[in-house]
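First chain A sits with chain B, and in the next complex the same chain sits with chain C.
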Partner chain A sequence: MFDPYYLQQLAIGLSLGMTYALMAIGFTLIFGVLNVVNFAHGEIYTLGAFAGLVLISATAPPIVAVILGALAVGALAGFSLERLAFKPFRRFTDEASLKSRAMRESTLLSSLAVSIVVREALEIVFGSQMRSVPFDYLINTPVRVGPVILVTGDFIIFGVAAAMLIGLQYLLTRTRVGLAIRAVSNNPLGAKYVGIDTDRTIITTFVVGSMMGAAAGILMGLYYGAVFPAMGFTPGIKAFVAMVMGGLSSIPGAVICALILGISESMATTFVSSGWSDMVAYGFLILTLIFFPNGLFGARRERV
Partner chain B sequence: MNASETVATADRLDRRRGRLVPLLIALLVFAALPALLAGFDRGYFYQIANLALIFVLLSASMHLVTGVAGLLHLGHAAFYGVGAYTAALLTSKLGLGFTVTLPLSGLVAALVAFLVALPTMRLVSIYFAVATLAIGQMLYLVMLNWVDFTKGPNGIIVTRGFELFGVSLSGRLATYYTVAAVVTLSVVAISRLSHSYYGNALRSIREDDQCADAMGVRTVRLKMEAFTLSAFFAGVAGSLWAHMTGYISPGDFKFSESILILAMVVVGGLGSLPGAIIGALLLILLPEGLRGLGDFRNIMVGLVMFLSILLLPKGLLGEVSALRLMRRQLGAAWRSTGKDQGTGEGIGWR
Partner chain C sequence: MTLRLLALTTLTAAGIAGSAFAADTVKLGYQLPLTGDTAQYGQDFRKAAEIALAEFNAAGKPFKVEIVFEDSRSDAKEGTNIARKFVDDKEIVGVLGDFTSGVSMAAAQVYKEAGMPQLSQTASHPDYAKISKYQFRNIATQAQEGPYNAKWMASKGFKNVAVIAEQTDWGQSVVGGFSDAVKANGGTVAFSEFFNRGLKDYRSLISKIERAKPDAIYTGFFYEDGAQFLRQLQQLGIKTPVYSTSAAYSPKLIELAGGAAEGVHLTSNFLPTDPSPNVQHFVDEWKKRSDGAVPGQFPAQAYDAVRIMLAAVEKASPAPTREKVRDALAQTKDFPGVTGKTTFNADREAEKELVKVEVKGGAFVPVAD
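Coming up: the complex of A and B.
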C-alpha cells in the first residue's frame, strides 16, 4: 500500500489537482458566486499565458514582471469580456428578465461565441502549434521530498492557489466589495434598490476572476513549458467539474474537489492508458449531477 | 362580404399558395440544384452541396431538441458520430449495405441517447447543458481511445457508397440525389413533429416545465422522446456522412462540431425550423464562399454567432414569423375545416 510508486502518483495527482484548483478559483468566483454563466474563462487563461509568452520573448523581464503583465492582460480581458458578451444582455431591469432563462442562455451563447473568436484569433496570430517557453523561465526544477520527487512549480502553484483562496475568502466575507458581490448574486434587483452599483460590482468580479484565470494560465505555461491557443479548453472543463462537484458557490469546495479530481486522474492512469484519464472528470461530473445535485459542499439549491 | 366569407376567401388563397412554396423548394432541391451541379460538374461543388444537406439535417434535428423542447444540447455531434461509426463498422466488419446501415445507424444513435437520457433527463437548464457536454465528450473519447473497435484516431475507411437494393448509387449525381432524398424526408418528418400538438407540448416544456407538468404534460417522458428522436436523425446524418465521404475519424465529431450545429440553430432562430435550415446553409456556405480568406473561416463562425445573438436575438427567421410562414405556406393540418369555418381560426395545430 505504501509503495513509493503510489506515493509518487499521489504527489503527481496533488500537483495536477492544484493546477485545476488554480483555474477553478477564478471560474467559481464568476460562475458560481456571481451566478453568471461564463464559458469564456478558458480563453482568459489562454490569453494570460500568451501575454506572458509575448512579454518573455520581447523583453525577457524577471518572472514577477511576467506575472504582473499577465495579470494586467487578464484584468483587461475580463473587463472587455463583460462589456462585450454580458453587458448588452442586461438591458432590462425587472426581476423576471434578470432571472429569466432566456437571458442566462443568451449570455452562455454569447460568451461561447466570444471564446471561439478569441481562440481562432489567437490561432491566426500565433499558429495552432504549441510554442515552447524559454528554458530559463520554466518552473520545473526537481525537488526531492522524502521518497517522492516534486518540482519547484508545485510549491509555487500551491502558494499561489492558497493565497488566492484565502484572499478571496477574505474579500467575499469580510469586505464591503465582497458583500456587494454576494448581494448582487443573490438578488440583482434588490441589490440595486439598496444602492449597490450592480454594474460596477459585476465588472469588479469579472476583473478579479479573470486576473486569477490569467495568472493560472501563465503559471501553467511556465509549469508545462508549452503555450497553445486551445490550451484553455481542458482545464476549463476540469474547473467546471470541480466547481459543480464543490457545490457551485463554494470556493473552498471547488478547491477540494479539484484536488480529488487530480488525484483520481493520476491514480486512474496507473490502471488504464492516459487517453482515458479525461473520462474520470466527465464521469465525476455526471455522477455528481445525478447523485449529489447540490454538490459535495454546497448549500441547497432549489432546482438542478 | 361577411366575416366568414372573408375567412373562406383567405383560406382558399392560403391553400393555393400553400402548394406553391413546397413545390418550389422541391423543384430547387431536386431539379434546379442538380442541374446546376451537373452543369459545373466539379466534384468540389457536389461535396459542398452534400455537406450542406447533411448539416441541414443535423441542424434540423438539433432544432427539435434545443429550439422546440428548449434543452440546450452541447453534445449533438457525438450522436452524429455514433451514427457514422455504426454505419462504418457495419459496412467494414459485416459488409452490410447502405439500405441496412441507414436505419440501423439512426436506431443505434437513438438507443445510446435513450440510455444516457435515462439518468440525465431530470436535470434542468445549465446542468443539463453541461451533462450533455460531458456525454458528448465521453462518446468522443470512446471513439478516440477504443482503438481495437473504432481504430482510434486513424479512422475507418467505408468501402461501400450509396446503394438501393443492390443498385449502386455512388455516382456524383446519384449520391447527391440519395442525400437530398433522405434529408428532405427527415426534415419533413421533423417539421411534422415540431408543428403539431406534440411540438406544442414540447414548446410548453421549454417555456415553463413546472407549469407544463402541473397541466398534465409528461415532461420527463416528452423530453426524453425529443432527445432520442433528435439523436435518431443525427445518426441518420452520420450514416449519410460515412457513406458519402468514405472515411470517418473522431475529429469529425468533436466538441467544436456540436458548437457549430448549435450556432446554426441559434443564428437561424431558436424554435424555427426554416431558421435552422437557413442557419445551416449560411454557416456551411459562407465559409466556403470565403475560402479566399483562408484562416478566417472559423473566426467567421464565432463572429456570425456573436453578432446574431447581439443584433438579432430572435435569429434570422424568428420563431413567431417562422411559425406564421409554416402555417401559411406548408401545412394543411391546421387550416380551418368545414366545421369551425365561422370561428375564423382553426383550433391550432394538430
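Coming up: the complex of A and C.
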C-alpha cells in the first residue's frame, strides 16, 4: 500500500512549485528579450501585493477587482522600471554598444538599485512589519482530495499559472506583438533594420512581464496571508534558479523546473532536516550548470 | 524624523537647564536592526528606547542622556563594526543591544576586550552572558524557559513531544534547553528539527512531524514564522496542541494567524493587560506612538533594558565611566520594570518571573496551569 504521506508531500511540492512558477514566468519573459536579469522583479511582486492590500483596506472590493488593481500597478511599475533602469542604457544604438557586455551588465546593477530603493521606500511608508490580509480575502480554505489536503489557493494558482503560460505561448507564437518580441530577443539590431519599433517592443515586454509579477505577488499575499516589504526576495531567488535550470529563456522550461524545485524541496524534507531543503534546490542548480550548461530546456537557440 | 524632533526637544530642554547649571550629557550606544529582515523588531526597540529616554531627560536629573542608534541589520559583521565604533567613541559609557543572540555574541567579543558594559534586551542564548563580566541581558534564557515549559507540558500529560525551532543560535538553545528537561522528566522527544527563518511553507515539515505522532509540539519561533506555521497546521486539519516560547508573544501573532492561534500555549514575562500603573503608563505611551497598537513582550523588554541602563548610569554619576556603569549594572536589584522585578544574579542573568499564557478568544489570557 502506498503511504498517503508521500502523496501529501508530492501535492505540497507541486503547490510549492506552482508558486515559484508563477514568479518565474514573468522573470523569464523579460530575460528572454533583454538577455539581462531584472533584479527588480521581486519588488514588482511586492508592489503588486501591497497595491492589492491597500485596495482591500480602502474599499473592500471583490477579489477580481483587487487582482485587476494589482495588474494595473504592475503595468505602471513595469513601464517606470524600464524608463528608469533600462532605457537610459539603450541611448547608443550602434552595433558595438548593442553587443557590449558592459552595457548589459550596467542594467543588472541599475535594476538592483531600483529594487533597493523600492524596498526601502516601502519600509518607510508601510513599516517592515508583516501586514495581515483580511481573512475574508484569503484563498486558503482547506480542500480534501482523497487522502491529500490542499487549499483553494493551490487550484487558483494552478489555474492562473496555466493561463499565463498558455496565454504567453499564444501571444509569442500567434500574434504580431509576439513576433516582434521574438525578433527583438533574437537579434535587436536586425529587428531594428526590418522596421520593428524595438523600444516599444521592450516596453511591452516589461509591462506584460511586470503585470505577471504583480499578479503573482497579490496571489501569494492572499495565499499566505502576509504582506511585507521583503517578501519578494526568496521567491525571486527560486524563480531565478528555475529560470537558469530551464535554460534561461525557455518559459515552459522555467515552469517545469519550478515544479521540479518545489517537489524536490518537499520530498527532501522527508529525508533531511527542513533547514537543508534549500540545499537541494541549489544542488540541482549546480548539477544542471555542470551537466547541462544550456539548461535542461535550453538546447534550441531561439529565445523566448 | 521623530528622532530629529526628539533630539531637538532634548537640545531645547538642555538649553533651558543649561542656564541653571552646566548640563552634562552622557552618551549611550544602541545597536539594533533598523533595516533588513528583522527591522520591525529594531524599529520597536528604538520606539521603546525613545519613550524611556524622553521620560528620563524630562525628569530633571542633573545630566542628560543621549542614545546613539546604529543599524546592525542583524548581521554579525555589521554588529562587530558598530561595536568597534562605539568602543572608539570615548564618550559612550554603555551599550544596549543587539537583537539576535548571534549578533549580540559577535559584538560582545569587542565589548569584552574594551571593557564596555553591554545590556541586550533579547539575546537569550545561554552562552551570551558567559562571554565576560560585561555582558548583561534582560530576558529569560532558554536554559530557564525550556525546563519551565517542559514541566508545564509534562503536568498536562504530554509525554511524547515534538520540538522544532528556527536554525539560529537561539533556536538551538530552545531545542537544547527543552529536550534535556523533557528527558530529565522521563518524557521522550519524538521529533526534533530546525527550519530556516522566513520559511513560507511549513506543510512538508508539519506532515513530517505528524508522522512521528507526538502528543504536543514545542516550537521555537517568532511571530512571523509562528503565524505561518499555525495557519498551515490548521489548514492540514491537525489538532495537536502547540506550546511556544515567549519569543512568539506578540499581538501580531494573533493578528496574522487569526483563529489558527486559538489554544496556543506560551510563556511571557509581560502582560499589557496588567493593571499596575507603570505597565499601563508604558502601554499608553506606546499606543500614542503606534496608532493604538498594543506592545508585545520585546518592546517591553527593551523599555526596561533602557531604564535599567539609565538607572545604572545615574548610580555611576557624577562622571560615569564604563567600569562604574558595569558595576552599577551588576548591582541592579529588584528593578521595578514593566516586565516584572529585575535582579541580575552573579552570572549577570536577569531572573525573570514567567507567566503562563494561552490564546483564547483572540487574546492572550494568563492561565494558572
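As a working rule, the second predicted complex is superposed on the first by the 295 of 304 C-alpha atoms of A that agree within 3 Å, B and C clash if a C-alpha of one lies under 4 Å from a C-alpha of the other, contacts with A are read in each partner's own complex, and residues count from 1 in each chain.
The working rule: a contact is a pair of C-beta atoms (placed from the backbone, for glycine too) under 8 Å apart; a residue touches a chain by one contact, two chains touch by 3 or more.
It should be emphasised that the depicted structure is a prediction, and the values quoted were computed from it without experimental measurement.
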Clash or fit (per the criteria above) of chain B with chain C on chain A: clash
Which of chain B and chain C A:279 touches, first, second, both or neither: first
Partner chain(s) touched by A:237 [first = chain B, second = chain C, both, neither]: first
First, second, both or neither for A:293, with chain B first and chain C second: first
Touching partner for A:16 - first (chain B), second (chain C), both, neither: second
First (chain B), second (chain C), both or neither touched by A:225: second
Chain B versus chain C as contact partner of A:151, first or second or both or neither: second
Which superposed partner A:121 touches (first chain B, second chain C, both, neither): first
Partner chain in contact with A:112 - chain B first, chain C second, else both or neither: first
Touching partner for A:37 - first (chain B), second (chain C), both, neither: first
Single chain B stretch clashing with chain C - from 5-13, 23-31, 41-49 or 275-283: 41-49
Footprint overlap on chain A, where chain B in one structure and chain C in the other make contact: 120, 123, 273, 275, 278
Chain B to chain A touching residues, read off their complex: 70, 72, 119-120, 123-127, 129-131, 133-135, 137-138, 141, 144-145, 255, 259, 262-263, 266, 295-296, 298-299, 301-303, 305-306, 309-310, 313
Of all residues in chain A, those that touch chain B in their complex: 37, 85, 88, 101, 104-106, 108-110, 112-117, 120-121, 123-124, 233, 237, 240-241, 244, 273, 275-276, 278-279, 282-283, 285-286, 289-290, 293, 303-304
Chain C to chain A touching residues, read off their complex: 35-37, 39-40, 43, 167, 193-196, 198-201, 203-205, 207-208, 211, 223-224, 227-228, 231, 234-237, 252, 255-256, 258-259
Chain A - residues contacting chain C, complex: 5, 8-9, 12-13, 16, 120, 123, 127-130, 132, 135, 140, 142, 149, 151, 224-226, 228, 230, 234, 265-266, 269-270, 273-275, 277-278
